[in-house]
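Just passing along the structure, written as structure tokens.
Think of it as A, B, C, D, E, F, G and H in the order they're written, each chain with its own count starting at 1.
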Amino acid sequence: MTRDHLKTLLQDFKAGRIQDEDFLEALTITPFEMLGFATVDHHRALRQGFPEVIFCAGKTTQQVATIAETIVRQGHPLVATHASQRMYQAVKKKVSGAKYHRVARIITSGNPQSRRYQKVRGRIVVVSAGTSDIPVAEEAAITAEMMGNPVERLYDVGVAGIHRILSQSRKLRTASVVIVVAGMEGALPSVVGGLVGVPVIAVPTSIGYGASYRGLAALLAMLNSCAAGVLVVNVDNGFGAGYAASLINLPRV
Amino acid sequence: MTRDHLKTLLQDFKAGRIQDEDFLEALTITPFEMLGFATVDHHRALRQGFPEVIFCAGKTTQQVATIAETIVRQGHPLVATHASQRMYQAVKKKVSGAKYHRVARIITSGNPQSRRYQKVRGRIVVVSAGTSDIPVAEEAAITAEMMGNPVERLYDVGVAGIHRILSQSRKLRTASVVIVVAGMEGALPSVVGGLVGVPVIAVPTSIGYGASYRGLAALLAMLNSCAAGVLVVNVDNGFGAGYAASLINLPRV
Amino acid sequence: MTRDHLKTLLQDFKAGRIQDEDFLEALTITPFEMLGFATVDHHRALRQGFPEVIFCAGKTTQQVATIAETIVRQGHPLVATHASQRMYQAVKKKVSGAKYHRVARIITSGNPQSRRYQKVRGRIVVVSAGTSDIPVAEEAAITAEMMGNPVERLYDVGVAGIHRILSQSRKLRTASVVIVVAGMEGALPSVVGGLVGVPVIAVPTSIGYGASYRGLAALLAMLNSCAAGVLVVNVDNGFGAGYAASLINLPRV
Amino acid sequence: MTRDHLKTLLQDFKAGRIQDEDFLEALTITPFEMLGFATVDHHRALRQGFPEVIFCAGKTTQQVATIAETIVRQGHPLVATHASQRMYQAVKKKVSGAKYHRVARIITSGNPQSRRYQKVRGRIVVVSAGTSDIPVAEEAAITAEMMGNPVERLYDVGVAGIHRILSQSRKLRTASVVIVVAGMEGALPSVVGGLVGVPVIAVPTSIGYGASYRGLAALLAMLNSCAAGVLVVNVDNGFGAGYAASLINLPRV
Amino acid sequence: MTRDHLKTLLQDFKAGRIQDEDFLEALTITPFEMLGFATVDHHRALRQGFPEVIFCAGKTTQQVATIAETIVRQGHPLVATHASQRMYQAVKKKVSGAKYHRVARIITSGNPQSRRYQKVRGRIVVVSAGTSDIPVAEEAAITAEMMGNPVERLYDVGVAGIHRILSQSRKLRTASVVIVVAGMEGALPSVVGGLVGVPVIAVPTSIGYGASYRGLAALLAMLNSCAAGVLVVNVDNGFGAGYAASLINLPRV
Amino acid sequence: MTRDHLKTLLQDFKAGRIQDEDFLEALTITPFEMLGFATVDHHRALRQGFPEVIFCAGKTTQQVATIAETIVRQGHPLVATHASQRMYQAVKKKVSGAKYHRVARIITSGNPQSRRYQKVRGRIVVVSAGTSDIPVAEEAAITAEMMGNPVERLYDVGVAGIHRILSQSRKLRTASVVIVVAGMEGALPSVVGGLVGVPVIAVPTSIGYGASYRGLAALLAMLNSCAAGVLVVNVDNGFGAGYAASLINLPRV
Amino acid sequence: MTRDHLKTLLQDFKAGRIQDEDFLEALTITPFEMLGFATVDHHRALRQGFPEVIFCAGKTTQQVATIAETIVRQGHPLVATHASQRMYQAVKKKVSGAKYHRVARIITSGNPQSRRYQKVRGRIVVVSAGTSDIPVAEEAAITAEMMGNPVERLYDVGVAGIHRILSQSRKLRTASVVIVVAGMEGALPSVVGGLVGVPVIAVPTSIGYGASYRGLAALLAMLNSCAAGVLVVNVDNGFGAGYAASLINLPRV
Amino acid sequence: MTRDHLKTLLQDFKAGRIQDEDFLEALTITPFEMLGFATVDHHRALRQGFPEVIFCAGKTTQQVATIAETIVRQGHPLVATHASQRMYQAVKKKVSGAKYHRVARIITSGNPQSRRYQKVRGRIVVVSAGTSDIPVAEEAAITAEMMGNPVERLYDVGVAGIHRILSQSRKLRTASVVIVVAGMEGALPSVVGGLVGVPVIAVPTSIGYGASYRGLAALLAMLNSCAAGVLVVNVDNGFGAGYAASLINLPRV
């Protein structure tokens, strides 16, 4: 059902040419077709509070650049994850002022400060167990920053030298949300979860070798955390953690 | 190092019998022993905002009853998960007013309304895909209620009849957090995650047979959700979802 | 949005108290709430051509009996799978004429012949590799029969004695759909798939031991079938195979 | 037993040099040898209603070209899946008019309209959840088209924006078969399966990362679909889905 | 095609009512139907050199007894594996002289010495790593004995006390086949395989706990044996090992 | 080769009836047969420094009692793991003074103090993460005690309340070996491994549910520990940890 | 213990400088040292009836060439598996007459006919399901030929066109051993196993995609074969199958 | 809390400006911050007896060189594992005298003999099953040597030629620790564990193919070893084995 058909239906109904029950029936049988006139993007922004994010993996450089241009032209901030240097080159030509975050492999554009998201509840702390986990941690941090959150980073504070994380416990306890990124045995979220009374989002990474099975060991460890309040996202999914942390950090009226 | 040793050390330091550097050194070498005087329970309440919860599985009926009594005597609310009917009988003798939630298999005591947790940000909605998922959903719901949250339940609204969940989208969008409990293919959190702009906690259940592999299918589906903002807990971990949702629902000052 | 709210909205619109665009907007933002007045069961019958089937596992005897009674009272045929003997006793008291298929563990009521499903395209052949696979095969066969299909059974014709299935190739080739039920190495669907030019639905069973891993070996074999046209359902899911075969066997106008 | 031996046997029998029982015995002991004179291709076309399809993976460019030529020379339509650009170059030299479908990686030749397959029952709808799933979806679509079916494509309609698929529900309900292609959490077939009363073939893809385990998450989700009537093929097996859908869409007399 | 149809076809052909090519065509299109007159059992005995063995798991006591009686009545030796004590009681009533091998859980009847299988090539040695592996080892040993082979047992000679197996190396080297049964780490077949120049059949058992995963550890170890000539059967499949060893031990003319 | 044959060979050689090279050859070809005269038990005691330990699982009560009696009669200390209460009753009748350790499910007899094992290098500390892990921890502790080691227990000091283990760091650092027993996410060995400069033996337990997969999560975590010096044994293998710790704690001259 | 030490020991013993018991004791304590003088290669040839085979994977080109030269210089036939073209170039310079089997990736040298292995019991038949399985099948075939066996090849006779293998059943039944090589669903060994009364060695290959999991599907299928007498080797282990088949085909005196 | 803050706190306390209880409270709430003044490296050296080891994988060449320079400048020995040739070139420019161990892929600097680690208890023996396992074995050996241990290597002594390891049993029995490195079926540690009375550290390697699943087969085998006293590290973790062996070999006073 196109918008035109819908309009005709409405007119007919208003003019009394269709009965109440028949009109209801028509809507029941084809309840969703009427959405066709709303573009996906706008609907998403309304529905979820943040416009579409481009997941670049599996897209061509050209596709990324075109979608990026469209999003920016509509006045939305741009976040493109899993982006290569070459994709950035293509985007930069169409979106002046686009920035490339090399470690996180994210392209961004727009000023987070100017947005309604700045009325957040507090600070998001992003913790990484090792230096190799930093790319995933940065993906989370930059996503959260682009959604208007102040972010504090605590990197390379894994459990093998436990005092490193313990010495930061005050920062952790006063955060709004803590994102903990760890590979190998994935033990850090349990330690952090035991130190704080705020939500902890655990991100397993594929860092490790042998029986780490590309992040499976860390993933299972995090799912089985003995600390209550630990929530888990997919292996290497820094974006998802940053996005969810931002939702948690939004104020509810 | 007991509290007595610590006190002696302090006196010696204050009296100038120990040098600054030596005192620091002593603290450095044995930094954690001084925590011995804080009981685990109290420390946890301070640190995490909610006292200890009893995980009854693997404990004897007698152990459960004794711990329950201790928690209640200290003025804390009681939450005991994975509790059998028999454990409840034993607890009831020591804790007058204890209640048993048969479906959720939880023993509780204490009045959620009387607690500081009532100053929460909003409503927690607990959704279940099928009727068989209700016990896990109830574990989440009652945990959240005991932590002072208003909880709304939407049960048996799985994706095979998609209009069931769609017709509830307003309730979902206005929640503070949504907990989605689903077994089998675990598709419901993705649908809900696409409808709302609030954090979604996905709880896979072991409901299913054959290639559900006791919840593995649902767990993997939820971890791979194409909807941003979906956070996952362990299979059948209703308690963890309710606890984390409560942390999210707490106001940050 | 309840039906009442919807009706008010309609009246307001018809009376000109709401503008076209505002009315559209209201429908856009809450597009699915209006479905609330349709009961799940009826909607399903309209949408999918067969009323709800009761999956008894994880339901109480009382629940099964009540749902069964409701379905029959609405004039629908009854199919309840994974049903115990005791459930049957309870159903029989409420649904006179209910039958129990012990091997398939299915309760049925109603006459398949009297239904519009009898205008099917052809015969469904159900094949089992071993005698131990028969319960799953029967679940498929009875489901298909209850949906109005003529069903032919070929049991215990596994590949270790290949002439057993080869000698039946004419029957297989003239079927409308062939359902092949096999455990252990799950090789039979590939052989059948190579013999016929009709759709083959493969049902792995959990029959086997050791490295059969409760049907995983058979499931993987069937998914990797070198015969084109083999479709797979979950381990032990005889019902799903019978249901899908019935859909295939329905005439399209 | 070669064809010559067989002919001798026949002559001896007809001439009465061999008794009925001895002739039967001979056929029983060596029942299959007589098939040696039938080429595999012809037999397959008779048996299954469609000539051999070339699975190019693991074959040399030369082999692919030679087989393609043979098939076309016999008057059969050509379908070669998993074909590289280079293979196409080689085939084109031997088969004039061969076409290369770059996204689907299929080489075809021949006019589907001119074939007896055009007397199909209805339309096959191919749905993809994301844009990354399109290559597999195209493999299914082109296979079905080459087998004489009208195909309708609905791409990028995944569950995270549920209205996208809902707004197409009429198209889905009126199809003869629906093929649903999805990676990541593989939830789309369940949603589609709940909307329609026609057979749904679910194709998991290897799209995703981390705990998608190269399509395993989607595969398990589809096998555990709570919607009855969902049938599953191997990960990335677009061809298999298109082939099976064509068999379903064939009329039975 | 029944035997009657076949006979008519033959008569028509002999009488010249059917042409050579048409007769061939008929046989080509329905090549296997003519086997219908041979009973499965007899065919198997002819084809494989040993009559059917009853796999009792998943069969009722009554079914086992009936099949056992039929086999014995046809003059065949009886071997029924995975048989319970109760099944034996039922069989004994119908087959006088039936014996029950309690450890191996096998029912047998008939005298191996009286059979043509006694012309074997040599001795089969059955080795077990631990005492817990003996039931599976016995299943292999008794199967081999019932098929007419002399069997020598070497039990509890696992690798943790390596001299136990080394001191038996002469016996191993002079065997016709060696069956090695082991659970836990499944290392014994590799050691034996390195000591001898005869075929080694490795049988993993489900003995072990934790990361033995019910025989998976042993199974993988055996499949990866660095000793050439090690062949593997399913976990706990003593029967399969004994059967295959017997085939190896048969003389070829 | 029996001892008698060996003696004859020796006599022949000494008497010059066999040449040097022939004698060497004989030994080369049958190098291990000469060990036949040493009983397994004695050899093990010589070879490994501790007599045989009875693994009771899969043995009958009678077998356990008989082996226990034999070991004690030879003057060895008795350690029988995985022993039931009933096995203990049977052993007690034959071995006066046998003790049953109910939690660890171990039967022991003999005085560890009276043995040469008491000259150990230091103290073994056994740590458990939770109370549910205590049975496995006790199996380790009692095994180590029976092998003559002083053992210190630190139970219920898991990472969710990190100060519990930190406050014990001095005890851990001064141990000879630390055994860490943990289920669920298995994070504790990494924390302990980072605190100490002594060998750490990690024992995963099957404590947990859902995605703990009966100890797999903990096992993988321990194998991937970021703390150097962590060694792992099988899931629930307290005995193995206690035994290996004892070997480490033995002095080398 | 070097050979010199051993000789001294022998002299001392013969000269009466060591008592019988002391000599025995010395041999008991150090029973295996005396083997030091035998090179591994010679011992293996004696022990197992065929000299060392070079597994080239993980070896440098130089190492392969050197070992090949040594083996040939000692008069042994050369078999080097998993060999690259470049390795062959290097070997050819040192071993004149070396041949490279490109498909099987094997280097050989020496004349199988001239060896004692030619007194084999019969013919080895190597069967492959698809053309992609041929490299593994050739590895098996050439290994068997080099060990002196007559080999017959039946390639591309998979179960999807069942008459292809059935028409060869006589050849299969009269073989000494049948090796069946198959990827994807691995069904062929079950069909062959049901047709013959000789040992069947099943070789799973890594041919396939998606849920074939690099040969796991085929491996599991073969281990669960419902046909008795099927023995399995590692995925892609053509060499192992050819080697074991050769051992089976050796005559026992 | 920085060191400055801590000092102020101390002064305030000593001067009586803070009460005992308040000072304790301050320490309790932020117990670990005071460790901030100790650099990680020094603390680690104190805590664990060996300075930081560089794990080069996932680090840039520049990062490796800089960290190496810092470690050496502080007077520590240098061990950098998983190092490429290029990393070595970069390190050599900053650390004169750095050595590259090509097979083990380790960069070292410093003289093990000059260190307090030389007072070790005995000799560490490193055993490898095959030649392909040598890189991992060398990683273990060089790590142990750099920590001041005498190391003896026994390479290519796998179980398929069992006399190779048996002939070395005296060397094994007199070691302080034995490290056993093996891929494929991982059987060697069980054999060694049965021969000696000293701790055995088993290192699975990813050597193998097919069902070795990159070391999983060997890992599972080692975890299930029937020989008591076998301890396991991660797949290919030679460093971890060498490190742990060194800890075991340290004398305890």
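The working rule: a contact is a pair of C-beta atoms (placed from the backbone, for glycine too) under 8 Å apart; a residue touches a chain by one contact, two chains touch by 3 or more.
Quantities reported herein were computed from a predicted structural model and do not represent experimental measurements.
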Note to self: Going only through chains that touch each other, how many steps at minimum separate chain A from chain H?
What the structure shows: 1
Margin query: Which of D-E, D-G or F-G has the same interface as A-H, meaning more than half of the contact pairs match by residue number?
Written below: D-G
Item checked: Separation of chain D from chain H, taking each centre as the mean of its C-alpha atoms, in whole Å -> 54
Check: Quick one: chain E and chain G, Cα centre-to-centre, how many Å?
Finding: 24
Check: Between chain B and chain H, what's the gap in Å when you average each chain's C-alpha atoms?
Finding: 39
Notebook entry, point to check: Between chain B and chain G, what's the gap in Å when you average each chain's C-alpha atoms?
Noted result: 58
Check: Of all the residues in chain B, which ones touch at least 2 other chains?
Finding: 31-32, 34-35, 38, 161, 163, 166, 194-195, 210-212, 216, 219, 223-224, 228, 234-235
Next item on the list: Identify every two-chain combination in which the chains touch.
Entry: A-B, A-C, A-D, A-F, A-H, B-C, B-D, B-F, B-H, C-D, C-E, C-G, D-E, D-G, E-F, E-G, E-H, F-G, F-H, G-H
Notebook entry, point to check: Hey, which residues of chain F end up touching chain G in the complex?
Noted result: 6-7, 10, 13-14, 16, 20, 23-24, 27-29, 31-32, 34-35, 38
Margin query: Considering only the defined contacts, which chain E positions touch chain H in the complex?
Written below: 129-130, 158-162, 166, 184-187, 190-191, 193-195, 208, 210-213, 216-218, 220-228
Checklist line | chain B residues within the chain F interface of the complex | finding: 1, 30-36, 38, 40, 43-44, 57-59, 204, 206, 214-216, 219, 234-237
Next item on the list: Mind listing the chain A positions that touch chain H in their complex?
Entry: 131-132, 161, 163-164, 166-167, 169-170, 207, 209-212
Notebook entry, point to check: Which part of chain C faces chain D closely enough to touch in the complex?
Noted result: 31, 47-50, 53, 121-122, 163, 173, 176, 194-199, 201, 219, 223-224, 228-235, 239-240, 243-244, 247-248, 250-252
